[in-house]
Amino acid sequence: MSLKVYLSGEIHSDWRAEIIAGAEGLNIEFSSPVTDHGASDDCGVAIMGAETDKFWHDHKGAKLNAIRTRKAISEADVVVVRFGEKYRQWNAAFDAGFAAALGKSLVVMHGADHQHALKEVDAAALAVTETPQQVIEILRYVLTGSLPK
Amino acid sequence: MSLKVYLSGEIHSDWRAEIIAGAEGLNIEFSSPVTDHGASDDCGVAIMGAETDKFWHDHKGAKLNAIRTRKAISEADVVVVRFGEKYRQWNAAFDAGFAAALGKSLVVMHGADHQHALKEVDAAALAVTETPQQVIEILRYVLTGSLPK
Amino acid sequence: MSLKVYLSGEIHSDWRAEIIAGAEGLNIEFSSPVTDHGASDDCGVAIMGAETDKFWHDHKGAKLNAIRTRKAISEADVVVVRFGEKYRQWNAAFDAGFAAALGKSLVVMHGADHQHALKEVDAAALAVTETPQQVIEILRYVLTGSLPK
Amino acid sequence: MSLKVYLSGEIHSDWRAEIIAGAEGLNIEFSSPVTDHGASDDCGVAIMGAETDKFWHDHKGAKLNAIRTRKAISEADVVVVRFGEKYRQWNAAFDAGFAAALGKSLVVMHGADHQHALKEVDAAALAVTETPQQVIEILRYVLTGSLPK
Amino acid sequence: MSLKVYLSGEIHSDWRAEIIAGAEGLNIEFSSPVTDHGASDDCGVAIMGAETDKFWHDHKGAKLNAIRTRKAISEADVVVVRFGEKYRQWNAAFDAGFAAALGKSLVVMHGADHQHALKEVDAAALAVTETPQQVIEILRYVLTGSLPK
Amino acid sequence: MSLKVYLSGEIHSDWRAEIIAGAEGLNIEFSSPVTDHGASDDCGVAIMGAETDKFWHDHKGAKLNAIRTRKAISEADVVVVRFGEKYRQWNAAFDAGFAAALGKSLVVMHGADHQHALKEVDAAALAVTETPQQVIEILRYVLTGSLPK
Amino acid sequence: MSLKVYLSGEIHSDWRAEIIAGAEGLNIEFSSPVTDHGASDDCGVAIMGAETDKFWHDHKGAKLNAIRTRKAISEADVVVVRFGEKYRQWNAAFDAGFAAALGKSLVVMHGADHQHALKEVDAAALAVTETPQQVIEILRYVLTGSLPK
Amino acid sequence: MSLKVYLSGEIHSDWRAEIIAGAEGLNIEFSSPVTDHGASDDCGVAIMGAETDKFWHDHKGAKLNAIRTRKAISEADVVVVRFGEKYRQWNAAFDAGFAAALGKSLVVMHGADHQHALKEVDAAALAVTETPQQVIEILRYVLTGSLPK
């Protein structure tokens, strides 16, 4: 058994690297959005030409990023969505809804302070976690049946 | 031609009533989530029994509300999602992602200040608006081909 | 808004009649399997000819009943599955799995003594109840937003 | 030609090992649920924290196990479901219904005493067997066209 | 409950009229292919112009008829396929395969002499019958739960 | 039997009106894109605000029109696509491809001079016609089995 | 580019071997039903026990064979269906209908004498051929763009 | 991460070779239609026999080519459609519509002079480009997150 896991959401901490390192040795193929904030914001105009209007500047970039994220979510078995402490992170919630509608196994990660605001997202998830370590343990259990000591 | 339109998102202003009133005479069946905030929060425990843990209190309610929202979104032709000025509104973004994955026509409504934070949601939409009046004009145009004078 | 609700499971108590009566006035179309135990067991051979082998006797009947149950489940918005006190009721659990795979909103009804044995079924449900009254209240809330007093 | 085969149901006998051993040399990738009863029951709380209420204890575990079982069933060509002599085994019947709705080839295994109670499940199957040896012979025939001597 | 039933196959006897008459009073919407043999053969060239090559003459007609048959099968709950005594009736078997792949409830009707040749079609059916009267009884049972006296 | 028919393509002749008039008395629900050329071009900016860049002017309008056309094509049983003598009409070919991928019955209408250039589109169609009269005769035959005298 | 090709239909001539040999060097994975007539007829009872009634003897076998054929058709890019000179070959037409409903590319092979009887099947095909050599040339052209000299 | 990219449209310039060369080193599997114009036009009659009527000559060829193009589009993650300066290129627009309906990521390439005529196609795209170099940069960004210097 192998898993494809998409890591969606917060891009300002190293939670992805932590999970990928902790899952070493497991048969998992990870994917992520482009996590270079500047590249992600400006990719559309950098390649297809500048826009004077910020809306279209962002629009071109967001659509270009969608080529990557939609493929990765569509192919994933498990979609992990992390909500950090800062920013509105509507794209994380959007990814969670997208993944839920496709019937993907959704794992959500967030702090206790966001519990009430994320209740609809949590209700669609098969696991609600707080730390990368818990996600690692989930992935290990799903693939091997082994629980943490 | 007729339309089924689901009105998702903000529940603390009267935008739904404004759209429904403005669309009078058009062949549209509107649906909405339960917009009574208290009922929506407590429905699970009110019917199926109290929980000591807030997480499960919310969980029971969120799942119960999902019976209504998933049916309404799945049957809709157009999903209008409004992001208001307050709160994190992750369930609105979740609904938008859910609708997008099902191939629904997405119409987003938000103020200019949220433009950058909502760029991924806007990129998945067929129309981005700021006011209920614009949504009414869109629905009228889609059904009748008539533009505002 | 209207709902199509399929009532699956136990056929030896009057829970279906109780729910249908309690939901009077709501915009719901209910469907059920054939609940005449004898007819349900013998329908295949009664119409298509006797079998000497009990396995094929049952097989012909079960397939004939499947014409009705698959249509009803496939068209339902909500599938309510009740597990009673007696019998193994594997067909109820089969219906629950079938409904879950089709993305139907699943409502399960059973007593507390069956909680552990039904945990996988409950985990796929949007509501877990014990009484017909709770199901009625759920259907009323989903359609009208009104909670019991 | 190769096959993906999911082995669902009873976890208290060695039928899975018997089939896997007997199918040696055939191009089959087998998968199974976690068959360590204790791990399967407690995985949710072991990783995501204890629950005081048994219902939620079980709920967290059942959802976690669903990440594995849904992936395995969704990818399988053949789903073998064994009903043993003991316990209610509603999760086995749930898996059978889930597999049937996804159009998987269903092979059921049970003793003659359960024939009547399992008639709806059998009616959805492409083969009804009693022993692991028969399942092995089916898999060999499907892949190679060879029948037992 | 209501049913949509498509009556496929033999067009040289009055079995369709017999079923429709016998099902009077049941909530069923029947559909059929065009059963005027001459019109069915020549419809393509009659409307879109003559062909010198018999293959294309037939091709234009068969595609035109497909507009009707594919819609009717796609919308049907039950597809009844009758194999008569004469002709090769490959289109009947084609319809049966088409219906099976769409997950329709298949009811097959044929004489005992065709049993072996139709075993793959029968294996995909939920009921195998010999007479229109049996089909009527099946439809009545599915809709009302009543068996013939 | 009834049909939903979407009339796609050329907007500079009265072929739609001709078909709708000729099909009077048949159980058909017709739909069309907005055929007011000016409204169709400018709808986006008229409702959601002007754009300085022609690309985005057109983009807003084309997306708005897509709300109507995608709904109409998705619900249609038959999609008629007419290629006229003038303009490039790439949106007609786009609609044809969209309809083909959804498995809709495609009827194409064009003059003999476009035969070679449209061969891929014709190859996906169930009928290739030259005149509105032929389309009317096809719709009448599909619904009633009657051929023109 | 590679292709998966399922070879359905007649089992009493060596057309499959001829195609497979002629396609040597092309990136194609071929699959077929079990072509040992005796094994195919008796597989059900040989593995799962004898039946006194010929109908159920055949039924058990046909269902067992369906495990193989449905997987192979579902995974195929191209389904080649050959109708020979003898027998009714309803299973071949059934496979063609099944493949057509799944959107597979259908290639039919038959002699000119069967042209009229197979017109509905041919109308669903992307190529109608008479000889294995033509099928080989089609497969080579599809994969390499090379035509026969 | 890897990508499957289908290159649709104009066959009279070397844009495909330019993209494939520029994307060297990226994990991409490219596919294309048969770009030998003569072979593409005549493949049907070359293999399956001559036609006297040009319509059927083209029809046989177009269907044969559809075996290749439908497989390639259905498997692609990204469909790039180039509209050149000459010809009507309806098959390019047809491919774009087909890809859009399947939810593929669409990248369109055309000169500024075609902007208005292609607005509906552009509106369905995730990126609109003018040069092969831009497509290369898009593919590199999607796979690696790197932008051009």
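Descriptive notes on the structure:
First chain written, first letter: the chains are A, B, C, D, E, F, G and H, and each begins at residue 1.
The criterion applied here is as follows: a contact is a pair of C-beta atoms (placed from the backbone, for glycine too) under 8 Å apart; a residue touches a chain by one contact, two chains touch by 3 or more.
Chain identities (UniProt): A, B, C, D, E, F, G, H = YtoQ family protein.
Please read all numbers here as calculations on a predicted model, not as lab measurements.
Set side by side, A-H and F-H show the greater C-beta contact count at F-H. The interface formed by E-G recurs in F-H: of the pairs listed in A-H, A-D or F-H, only this one shares over half of its residue-numbered contact pairs with it.
Centre-to-centre, using mean CA coordinates, chain A (YtoQ family protein) is 50 Å away from chain E (YtoQ family protein). In terms of their C-alpha centroids, the spacing between chain D (YtoQ family protein) and chain E (YtoQ family protein) amounts to 37 Å.
For the pair chain B (YtoQ family protein) and chain D (YtoQ family protein), the distance between mean C-alpha positions equals 40 Å. The multi-chain contact residues of chain D (YtoQ family protein), meaning those touching 2 or more other chains, are 63, 66, 128. Residues of chain D (YtoQ family protein) that touch chain A (YtoQ family protein) in their complex: 31, 34-36, 39-40, 42-44, 46-48, 60, 63-64, 66-68, 70-72. For chain H (YtoQ family protein) in complex with chain F (YtoQ family protein), the touching residues are 54-55, 58-59, 61-63, 65-66, 83, 87-102, 114-124, 128. By the touch rule above, chain H (YtoQ family protein) contacts chain A (YtoQ family protein) in their complex via residues 1, 3, 77-78, 105, 107, 126-129, 134, 137-138, 141-143, 145-148.
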